Amino acid sequence: MIAAILIILSITAFIGLVLGYASIKLKTDGDPIIDRIDKILPQTQCGQCGYPGCKPYATAIANGEADINQCPPGGDDGVHKLADLLGVEYKPLNAEHGETKPKSIAIIDESTCIGCTLCIQACPVDAIIGAAKQMHTIVEKECTGCELCLPPCPVDCIEMVEIPETTDNWKWKYPIHPIKQQH
Amino acid sequence: MELTDKIFKFFGGIKPNGHKSISTMNPIKRLPIPKKLIIPVRQHVGKVPNIKVSVGERVLKGQILAEPVANISAATHSSSSGTVIAIESNKIPHPSGLPDLCITIETDGKDEWIKNDKIDRSRLSSEALYEVMKFSGIVGLGGATFPTHIKLNSNKIKTLIVNAAECEPYITCDDMAMQEKTKEFIEGIQITMDILKIPHAIIGIEDNKPKAIEKLKISLSGSKNISIKVVPTIYPSGDEKRLIYLMLGLKISKEKRPVDFGIQVFNVATLISLGRFFYHSEPVISRIVTVTGALKRPNNYEALIGTPIQELIKDAGGSPNQDIIMGGPMMGFKLPHTDVSVTKAMNCLLAMTDDMKSKDTFEMPCIRCTKCVEVCPAQLQPQELYWHAKSKQFEKLTEDYKLFDCIECGCCSYVCPSNIPLVQYYRYAKSEIRDQLKSSEVADIARERNEFRLYRIEREKKERAERNAQRRAQTSDIDKKKLIEEKKAAIAEAMKRIEEKEK
Amino acid sequence: MAIIDSPAIKERSTVSIVMFTVILALLPSLFLQIGFFGYQILGNLFIGIGFALFLEAICLRLRNYPIRPFVLDGSAFVAAWLLIVSVPANIPIWTLLIGIFFSIVVAKHAYGGIGSNPFNPAMIGYAVLLISFPKIMTNWPVSEGFEVNNFIQFFEFFSFLNTNEVYDAVVSATPLDQIKTLLFLGEEVNILPISFSTLAPYQMIALLYFLGGLFLVYKKVITWHLPLSLILSIYFFSSLLYFYDQSTYMSPMFHLLNGATFLAAFFIITDPVSSPTTLKGKVIFGILIGLITVIIRNYGGYPDGIAFAVIFMNICVPLIEKFTQPKVFGYE
């Protein structure tokens, strides 16, 4: 009986030592978790999550201050990926932070623009070209659709336009699965 | 690359019924010039070319309508003489049914050619030739529509393989072209070999085209550097990489290109167009279309680009509201609208027969019978691709299971006993993966810009603080007093001026 | 709306056609079995398969799947048939029904239905019965020879339900059982090496399974890899033991013709859902099943080890597949 206990204890101690050694010697020097979370986030920099940008939100998630379901532009897909990465359970998107909208870009009505530069200062990716008292225009390619330029504009000349589906960005759809529909 | 007489056999493939004889009974037909030509501006893989004409302008046959832009792009020409009546979004033959920019020309019936200078090959360097070829409008007329001048821009090609396989059932346009335009075809091959200094050419042709083989053998009896290899009729021997393997025993994966091995593959129609371009300076303004299937008079037509397809279908004895597939029954797609016009990619219009209309689109569960593995010409594991695509787990597909080596030939779906639309799943998965790659590239750029912006704001703040600190440090106490007194004096003067003004 | 029309032409093949071909291949052995042992097997088949289809319909209903296409695809039919021919023909009907329940409901539908079952349903049913009712499962009917009468009596076969009508059943253990018992008792085994002239009824039936299996290979329903690797593996490993000690171990031909070797080789391990998809994987699968079967037959506690060998290897299938993925065209 004593012999059995001693054997089990020594095996446990041995395995513990091996694991401890491995955790120190074989530690992976991979990306810090914040960078990996940031890689999943869509980089819209819209602030809908409650943080001023995607990197601060990633930091908050890593510190446990924020939940993973606060990013509407990332959509359900993004929440799933974050859940997989962090090993937590998936939660549906928190509606308090907004809902997922189709991708759109901002466009300035040039006849109304007064050249106040307030939108230029607001854009998180510097996608607006212009200067004081000069025409402002949005570089389509760089616009992330974050909508941060809409509130500051004093004459409300910016509107969001959905990106239309053309033969360039058309995608094949998921084949429908008739077998269950049939029932 | 050593040339042997041996014909290799690729793994997999299927042998469906060819249905070729129904459309090869009569010679190629030419219809009268249609009243309207609706020519899509972009009919190739790559960027939209620059439109060079405007509404109301009169154009001649063969006149360039749109010039290629840098990188992958090709030209578009007018197929007949007439007036441009519209440049607007119109229906095009595309599986999505989405419209695209088209130039509509009202023909004047005169069919007047533009005067093009003859190309004197002896006096042009290869760079100059390349520039000239850019404006030929020649793209891969087998259906891939990749701009041909880019494929010809290499001096490392040692073997030219002519894709005369035409492996898909029902399609016979290349077969008829080889029978009726044998001389032009061989001229096309010879001139291509001449320009690029390619020493050998092999014509790969399936054994279900005896008449064409006969004619080619006779015409090439004296030729030393063009040979013919007849391969057994297996679908898809006409796929570029499968054909290279059949001819030369060389296996090329998706990661490499044939040109890296000194090989280039061209379709029959593309070579005929190259011949016409170099000998007669004619750009691509027409193509041979097989109109076949559930029609009264299936036939091949030499149609002008931009011809409304309803004219062809009507002449072939079909009805206007039939379901039409563009392409063959294996790789073609059902046209969402049939009021579209002939484009460079349209090699066949197939009126759907009853057995093509799927009565039971039941997708039963996969029973892992691996019939799909037995027929996949790319030696993939279609069932693994299916499970990952279906459950939307895209991570392993590209690297581990090589999804992008799939040529979407349809052999797997053809044999699946559970009726699973395998090719649709792969197309969906490829779309999603490409989209994800694009999104992550865009996201990376956005992240960089955002980081730079934060850095810039920090930098500006620092610079401002430094400037202020410098200014403050520079002026000593005495100077400060002096500054203050000067400022007071300036203010007093300004006040006086205002008072005087008010008086 | 997805555009599900590419390709537009399809080869005429369905799961039902595959299953029907398998049933065709099983018929000759059934014929011989009725001839030697009477029509009771038909009664088992009737009730057993009927019950299997009934259970399948209930399970499909509970899972909200349409019933018709799945029941008609023949997979439950074949699974039940294989289970019924694996058990003695004279087992009580309630035992058989328990086995079928485990095959269809537990091994198949509880794991997700056709295409998702990791284990071979027939073998799970057989294993459950063998472990739970060992005595019933090892009492096989003995034949007096081929009786044409058995076919004429076919029309009275409903009367088997009436247990008063005594069916003169003489039961005994299969040759494998006999050997196991003898070895257990420490006695020497003196059984003549098998030659075709001394074939007993069960061995003739096994040969017909072999021929039926060849038919399936010819019809391209199965590939030759699985059957050949199992047969060669059993032959090889039993030869090793045979040449080591001829008095204790049986000859390779004995191992091939007795037990369910040929039935397993062509019909049981070739169940597509629970066997590997890669060709190399199939060969490994067959070889290992053969090895485990020979070990269980000679050293294990059960007379025929095929069922357990199959179930054990079914667990290893994902691992086998992972390491035997073939190279894609162009990546050598």
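For reference, chains read A, B and C in written order, and residue numbers begin at 1 within each chain.
Everything that follows uses one rule, which is that a contact is a pair of C-beta atoms (placed from the backbone, for glycine too) under 8 Å apart; a residue touches a chain by one contact, two chains touch by 3 or more.
Computed from a predicted model, the values in this text were never measured in an experiment.
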Chain centres computed over CA atoms; the one at greatest distance from subunit B is chain C
Per CA centroids, the chain at the heart of the structure shown is B
Whole-Å distance, C-alpha centre of subunit B to that of subunit C, is 53
Whole-Å distance, C-alpha centre of subunit A to that of subunit B, is 34
So subunit B residues touching two or more other chains come to 95, 361-362, 364, 421, 424, 428
Listed in rising order, subunit A residues that touch 2 or more other chains are 172-175, 179, 182
Residue ranges of subunit C touching at least 2 other chains are 2-4, 69
So, in the complex, the side of subunit A touching subunit B is made of residues 38-39, 41-45, 53-55, 123-127, 142, 144, 165-167, 170-175, 177-179, 182
Subunit B contacts subunit A in the complex at 92, 94-96, 98, 100, 361-364, 421, 424-425, 427-428, 430-432, 435, 439-440, 442-447, 449-453, 456
Given the complex, residues on subunit C that touch subunit B span 2-11, 13-15, 17-18, 69-70, 73, 75, 113-116, 272-273, 275, 277-278, 325-332
Listed in rising order, the residues of subunit B that touch subunit C in the complex are 10-11, 14, 16, 95, 169, 241, 245, 251-256, 325, 329-334, 350, 352, 355-356, 358, 361-362, 364-371, 373, 377-381, 383-384, 402, 405, 410, 413-419, 421, 423-424, 428
